[in-house]
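Lettered A, B, C and D in written order, each chain numbered from 1.
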Amino acid sequence: MPKVDLNSDLGESFGRYTLGMDDRILPVISSANVACGFHASDPVVMAKTVALAKQSGVAVGAHPGYPDLMGFGRRNMVVSAEEAKDYILYQLGALDAFLRAQGMRMQHVKPHGAFYNMAGKDYALAKAICEGIKAYDPSLIVLALSGGELLHAAEDLGLRAVPEVFADRAYEEDGSLVNRSKPGAMITDEDEAIARVVRMVTEGKVQTITGKDIPITAGSIGVHGDGEKAVLFPTRIREALTGRGVDIVPLSEL
Amino acid sequence: MPKVDLNSDLGESFGRYTLGMDDRILPVISSANVACGFHASDPVVMAKTVALAKQSGVAVGAHPGYPDLMGFGRRNMVVSAEEAKDYILYQLGALDAFLRAQGMRMQHVKPHGAFYNMAGKDYALAKAICEGIKAYDPSLIVLALSGGELLHAAEDLGLRAVPEVFADRAYEEDGSLVNRSKPGAMITDEDEAIARVVRMVTEGKVQTITGKDIPITAGSIGVHGDGEKAVLFPTRIREALTGRGVDIVPLSEL
Amino acid sequence: MPKVDLNSDLGESFGRYTLGMDDRILPVISSANVACGFHASDPVVMAKTVALAKQSGVAVGAHPGYPDLMGFGRRNMVVSAEEAKDYILYQLGALDAFLRAQGMRMQHVKPHGAFYNMAGKDYALAKAICEGIKAYDPSLIVLALSGGELLHAAEDLGLRAVPEVFADRAYEEDGSLVNRSKPGAMITDEDEAIARVVRMVTEGKVQTITGKDIPITAGSIGVHGDGEKAVLFPTRIREALTGRGVDIVPLSEL
Amino acid sequence: MPKVDLNSDLGESFGRYTLGMDDRILPVISSANVACGFHASDPVVMAKTVALAKQSGVAVGAHPGYPDLMGFGRRNMVVSAEEAKDYILYQLGALDAFLRAQGMRMQHVKPHGAFYNMAGKDYALAKAICEGIKAYDPSLIVLALSGGELLHAAEDLGLRAVPEVFADRAYEEDGSLVNRSKPGAMITDEDEAIARVVRMVTEGKVQTITGKDIPITAGSIGVHGDGEKAVLFPTRIREALTGRGVDIVPLSEL
């Protein structure tokens, strides 16, 4: 029976500020990427988020970002390999403290925002990130863009890496995501997006923006829980997959 | 043979800013309290500090502070018990990542500055701090002001606690430190200060500001490494103690 | 004809985080207290908030807070007089830049949260705050708790001060607010709260928690715009006042 | 008589951390670029720095940076034009508050570190910065890399711009700085560096790395005051220039 993971970013509130509908998206997903206090979150939010994930039986991974709270970690920053590695170590350890306090184990790591995007294209940065992960715990799974440099670096370092795909994004013939600035980059029709995800998971294929079929490995599908409507879409994806006999399981059970 | 630990705060640099003479004080001490990024330090500084302590064979503990970089964690802040516990967890985990990467184990926890001072007087705060420590790792040693509330809370929670004394501070009859605003609060004569420390360690007694002898337990002596002269004083303390047959050992070997 | 100001806190969003319904509360109030980046807000939010206030014809004041984004400036912090004065100067200047860019003038200053509360009780802190305000622009109006130390310090320094009252809080016989922990501290009945505000403004009197009438000066009424319901209550206050012939005017027109 | 300005970065301490020898470099320079709290400094440091500059009779400008205290504003960050403009406004206003409190006027603006470097190469970013400066005060002088985009954008917007040159850097034939990674990029011989500066100021020429003479306009020379030795070099530059009859004057008197 085919299996796939559904992952979403969680615990992105900060102090007085609330973001996301964590309690709504948790029943839909199998793995949660929990913010670690650099681009979002704070210790109290992290404690609550980890406790909430435990209640829901959802596996938890770290979602480390750039030290840019004002920009929510979405702005490209040029950091050295040493900085990247140490930012990973710091954030992994910080989140892990709350997992330990709950008797849980960290399952995976998915860098956030600009850290994820830059690591997908820059092998040196990706390698530094993976060195941090490996130094912390070599059994951690790296969740990385299908076909990107982070995936390659993780595999080169002997880490287990799971490729992530997106329901609402178009693909180039080389398997990379079509740049958002290009027409057709976003799949706006929900039914089409769902059909594409189902095909990626069950057939291992996706039609590129040029109309050609290419092979693709969908280990995990990234979904969002930012609003009322956003939760409906992941729910539909989940139902479509389970309806076709696909098992939704956490990364560690793939 | 009597034993005592010598501890000092380490790794308090930040980004472009250098503070302290870590390489100079390390040969003198047996335990280092390493800043965790709230009141001082950053991930790169933490990585370097832990590596330096490893080279010197000095045991490492966490030195968590209030989230007040601008005030170096020295300003009283009123945080809730939940915040205090989660700030401890976050900072312990963050530092521990660098210890894991070096194959080391965290030995102890000593809160920093206003966090230490307020916890010495406020049992509820002290208890929240100790709950964070216990949730992280119940085998950690709590380094706390001799006779203060943090020491009591640690013992109440079943944690091992070691009382800290100071060479340059006068004591009240109840064993508390004389408030710095009072005349005679600081022992300014180095020879007198050293003689007092030796007596606390070897006889378990100290003469209070009123002239009376009281019993005191000196598990660890807190020293500073802020300047050229500051390193000389801890060196003299070390020499005076070893000259009297006192063993300088890390907290875990007391 | 009696006059009163209605003030509310504005521009408390930060980066990716949205807080408050600024566009909804602006039509109700006459003066806006705009956050300055310490306890909330960032430069982009400040620019937008000032532009929005200009569109609505609402007078703008600074709402400086403690440097505690994680605690939203609501936690007591012990800062020196020098720090308090310089924090005021920094934040007043920062906000004023956006007013200058819009061709507007700053009308007033109201410290935020714990800064406001501590200054209401601590004359030395209140004086330091007022020295910062005076050094920046001695024509600024200080909006301060009716009967509190900030009001006294402002008057002592020759600054114009306007006393603020609250619709939903009970008063002691000495004119201070009943501590929130006491029963009866909050006026939960909306009709009663509105009747009390109308009486404070039109008669200059309020019935204390002990049942006695005391004189009170209501220069401005502080209201909140945090939620759908919260906007309705200030709207009712405004209608009740204007229905009794009270003019709602900005602080500078009192 | 030829004139030139000598400028240096000032007030880069933060909280407990001291950086630079501001009191030593002030007698040497005519214009000071004062940090504004984003990449370095805090309100207390700013107040002290402005007071110190006033005592020394040195003109003060703003030295706004990226919001990256951990990286000291030296790391490239991709911010939007709106963010760049608003970061400038915020920091100019914040610094100006301390100048107002001292009865001084802001003379100029020089972006810091990566903000300066990126603006030298990216016209859109440079324009956004200049729009912020112009919106704040169109009489401010922009201190910008000789021949760079910030200089062009300032002139296009009708702001007065002064080109900055460096004593210790080699130049390409197009007047740009030789990339630091190339051999010969730094002029390491002090005598040669001083001779080059004197020639740039008195003859308006510099020999490029290829050996060709090109025209160059030296409105201001950037010097550093980071260490004992660093202060000696600017002093030698100053003496060499005044010895050739060059007047050292602040930017506003060029």
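Please note the rule applied: contacts are C-beta pairs under 8 Å (C-beta built on N, C-alpha and C of every residue); 3 or more make two chains touch, one makes a residue touch a chain.
Small disclaimer: the values here were computed from a predicted structure and weren't measured.
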item	value
Contact-richer chain pair (by C-beta pairs counted) among A-B and B-D	A-B
Where chain B and chain D are represented by their mean Cα positions, the distance between them in whole Å	43
Rounded Å distance, chain A centre to chain B centre (Cα mean)	40
Chain A: positions in contact with at least two other chains	70-71, 83
Arrangement of touching chains [line / ring / star / complete / other]	complete
Chain A partner contacts - residues on chain C that touch it in the complex	12, 14-19, 40, 42, 69-72, 74
Residue numbers on chain D that touch chain C, as the complex places them	37, 43-44, 46-47, 82-83, 85-87, 89-98, 100-101, 135-137
Residues on chain A engaged by chain D in the complex (per definition of touch)	67-68, 70-71, 75-79, 83
